[in-house]
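Take a look at the structures below.
Next come two complexes built around chain A: one with chain B, the other with chain C.
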Partner chain A sequence: MVWNIARQQLLTLRRSGTFIAILATMLLMTALAGFIGWMSHHTIIKVYDETVRLLTAQGKPIPANPFDSKPELALLSNLAIYVPLIGAILATIVGHIAMMEDRASGAARLLFSRPISRSRYVIGKFLGTTIALAGVLAASAVLSTLSLVIVNRNVPAAGEVGRLAVFFGISLVYMLVFALVGMAFAITSRNRSFAIVAALGVWLVLTFVVPQVTSGLRPTTSLNPITDPVSTSQSFFQVTAHARPISVSEQYKRVSASVLQTEPAESPSRSALRVVPILALALLLALGVGGLVARHDYSRGLQ
Partner chain B sequence: MTNASPLDSAAIELDGLRHRYDMDDVLRGINLSIPRGEVFGFLGHNGSGKTTTVNILTTLIRPTAGSARVCGLDVEREPMRVRQLIGYLPSDIRMYDHMTALENLEFFARLSGVERPRSAALETLDYLDCADLAGKRVGTFSTGMRQRIGIAQAVLHKPVVLFLDEPTAGLDPSGVRHLRETIQRLNSELGVTIFMNTHQLSEVAKVCTSIGVLNHGELIYTDSIENTTARFPDEASLEGIYVRVEAGA
Partner chain C sequence: MIGSTNSRIVVTLARHEYRAAARNRVLAALVLVLVAITTVSVLIGAIDYHSQVADYQRYVAAARSSGVTQTAPLPLQVLSLLRGAFEYLEIIGAIIAIVLGYMSIARERTSNTLMLLQTRPITSMQRALGSALGALAIIATLLLVTGAIAVLCLGVIGGDWLAPPELLKLTLALLATIPYMGAFYCLGVVLTAHARSLSNGLMAALVIWLAVVLIIPQVGDTMDPDNQVPGGLFQSLGVDKPTELKVLAKFTTYEKVRNDLEEASLAKHYERFTFGMTDVKDKYRGFTLTHLLHEKRNDIAWLAAYMLVLGAALHRSYQRQPALPRGGTP
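Our next item is the complex of A and B:
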């Protein structure tokens, strides 16, 4: 029964133009991340080779290849930006479609006149959403790995594959947060347009507004996983620094940067702690969505 | 009044059924018993509470007070078992537009626990003379085609009681005729009890075996069609009878 609901949702997504368009954008950006990595790698190596030739001719010592000390996964650092931007929007739309399609089509009334409990229905929706997002991320992972193979001209080591898997696993949980937000508004809103606008409003707040406060009003941190600037003694920044755990997007970017090794490595326990607020929010939202479905009056249509 | 024999298990039983939406009393204590095998026409003006009654009987909403039973099963206590026994066609039947008729029917068959859902869907389409619609997307269907697929969805798991909410709304005359023939076949060939909310009094006269009239949430009249026409011999049509019943004759 649960699988039937999930399978129907996947079929709906497969035939949704909006989903396909954003999925294509997401995959394009993933490929672009690899291409940008390859371009910068190519340019730097070209300059390095030229420098080596000049220095050799002059009999001067040759510096080390800059890529020898750079982790190979660092080429994919842009992925940690694309997931909170395009991935989260895609997830919001997947969640929205999951719940709104049944309400807008009127099929919800037929569904709940069939012997299916609301708990199984909502579990089926969670399963369908998770499979859809995992599929998107799996496609991104394949593209990313191909990029690494092309740029580095060797197959990633087991450790790097493991890091990529962890990164995409964390990304899945992060995207589920936004899918659940999309679901919640799709259940509670009486208007289809309002439901999607409100859900995207939450995405805007979580992605751009909250990090501005929790990172001490440093706008660049709302996009880039950069290291902490010089600490300040101002009390405002001390307070906002303590509020950082509530910013799930900031936590995601930092843990991603650590996993992809674009920032100095931090201890695994610290990285794990960064995932806790994301997991907690996902769990809370899942419980909330379950409660909303249980109480919703599906006999009434949309306005 | 339609009286069931004590030995018969009633298809539908309402006992003091009440429902409130916000601050409005939509149903004000309805008592009704419909034996199995009937085609029951539920009449009433817009907003009288007909759809709310069907929503309760199909377990979509819970009553505020009183009880409703389908084949002896309480809709609040045993909603899953009730759902296995019923079929439902909402007034504005819409399924998944992006899916074909067959895909839609297979999906609902699986939800109903039907074994071999594809075969059941194809057999039902064949039984309802609309096998040609199987491979077409529902989004391209006319109102009449949607209605036929909607009925297929409602009966493919072989329900005991079928609820139809304004089934003739938006249908052209040939669609209405096809629907009438389908209702008669389902009732006579498969023994399905049919509970039909409608405004089409001419259709009620042609297919229903008994009627009930709901007025502002109160059941003001219920009887067999035979007794009803005998009670108002001076009225040529059910429309005239309905107006007199509503006026309190």
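Our next item is the complex of A and C:
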């Protein structure tokens, strides 16, 4: 039964135009991430060479090349932005469709007229959602590896493949958080559009508002994989910075930067600690969604 | 006589649109979120400003007590504290406008007022104008509230009340938000009117929002060489401004591609205009208003063009709306 519910959900997603459109955007941007990374890197090296030429002519000291020690995976730094941006919205839509389609079509009402337990139903939904998101990320991983091979003109080493696998694993947990948010609003709301907008509101708060309060990151700054260090000397940030460990989008970006080596490395235990709040939030939301499904009155229609 | 009847119908429809939108809970929730986070953003900026001004005053006092008569001017511009607020208007304001457009069509379809309206001598142009005016009035109200909160926060917490020229620049920046949000409102109407299922129309509009507001500017931003190193590439190389300009002169093609990409996004034009008006960009500080508007004419033209094209599409959607509603799946 669990597997049947998961399969039916995957079928519904395959038929959803919106899911396909966001999936196509996500895959396109993944493919472009390598290219954009390479183009920017290539241009900056030329900018550096030109700067060195000018400074030499002026008799000034030559600074070190800031890109000398950039690892090969750094080309994919934009991926750490596309996952919280496109991936999280895609996950929200997946979660929304998972719960809302059954309510809107009346399939849930029919389903629960049979001796089917709510726990199996919700586990089936979680399974379907996880498979769908894992499929999306697996396709992104293949595209990323291909762009690395094309741009760097060599096959990534085993260590780099491992790092990519860890990055996509963490991304899956991160996306599951938003899928669960989409599910929660799809169960509780009587209006389909309200459910989408409310879930999107949560995404906006977690992605843009919380990082601004805890770290002073403005919304557009949050879109750049390289962010300027923010001053925490102000008394306001000295207080709010205490909440930074639970700012999931910041923790996701920081751990991704560490795994993809786009920022100075940190110890594995510290990186693991950054994943804890994301995992904890996913677990809490999963329990919450389970509880909501168990109590929900599926005989109630939508507005 | 015909003209007055015409405008009376448009005003009646606009009033209906305004009242219905103001009563909507989804919209009210979104507006509250926007106002709340804009306030938080301005508050954070104002607290920062207040402490930096206090530091500056201490520096001036110390300099004077040691006999220094000439001190550096305050390096801060109070209007630039509104950067975060305008970024939120750019991101969330666009979503609110899309939802407004979606609601406009959803209301007609689900309450069957469309059929009733079509039995009356009301043209599609009047309906399009009426609903657009009502939506623009909602947007203007929202901007008025946001602007008032921003001015109050800067004055009360930042300790710096805006002077008339600064108020004028802020008003112009807020006025530019009307065509920006208006374009997204039209997008919401057009896509929802064309979609068989209402929520599909909303989701399609949100996909376009994602591309126009977040993805295209993000790609352009990450292609900027100066954004590749924390603190800026040229600063990390210890290069002065004249040398930086000399270096960049060799990369005009790359910069043109990057700029063209950003120009494709309505959001980037809005951002450039509002950042210019609110002194976010150093290079525009000290410009007269006429000079500033002249510099920003390209962004003004793009904002107007987007609004006109999407406005025409909105009219076409009303013209082509079927007499019988197509289901109106929520």
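The rule is simple: the second predicted complex is superposed on the first by the 260 of 303 C-alpha atoms of A that agree within 3 Å, B and C clash if a C-alpha of one lies under 4 Å from a C-alpha of the other, contacts with A are read in each partner's own complex, and residues count from 1 in each chain.
Following the convention adopted for this analysis, contacts are C-beta pairs under 8 Å (C-beta built on N, C-alpha and C of every residue); 3 or more make two chains touch, one makes a residue touch a chain.
Here the structure is a predicted model, which means the values were calculated and not measured.
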Looking at the overlay, what does A:Ala134 touch: chain B (first), chain C (second), both, or neither? neither
Using the touch criterion from the header, give the chain among chain B and chain C with more contacted residues in chain A. C
Given the touch rule stated above, what does A:Ser105 touch, chain B (first), chain C (second), both, or neither? first
Regarding the shared-chain residue A:Val161, is it in contact with chain B (first), chain C (second), both, or neither? neither
Regarding the shared-chain residue A:Met1, is it in contact with chain B (first), chain C (second), both, or neither? first
Which superposed partner A:Ile89 touches (first chain B, second chain C, both, neither): second
Going by the contact rule set out above, which residues of chain C touch chain A in the complex? 25-26, 29-30, 33, 37, 40-41, 44, 47-48, 51, 83-84, 87-88, 90-92, 95, 99, 102, 106, 198-200, 202-204, 206-207, 210-211, 214-215, 217-219, 221-223, 225, 227-234, 236-239, 243, 246-248, 250-251, 254, 271, 329-330
Interface residues, chain B side, partner chain A - complex: 51, 55, 58-61, 80-81, 83-84, 86, 88, 90, 92-99, 103, 107-108, 110-113, 153
Going by the contact rule at the top, pick out the chain A residues touching chain B in the complex. 1, 4, 8, 11-12, 15-16, 101, 105-107, 109-117, 297-299, 301
Chain A residues touching chain C in their complex are 17-18, 21-22, 25, 29, 32, 36, 39-41, 43-44, 46-48, 50-51, 54-55, 58, 63, 66-67, 78, 81, 85-86, 89, 93, 104, 191-194, 196-198, 200-201, 204-205, 208-209, 212-213, 216, 218-220, 223-229, 234-236, 302-303
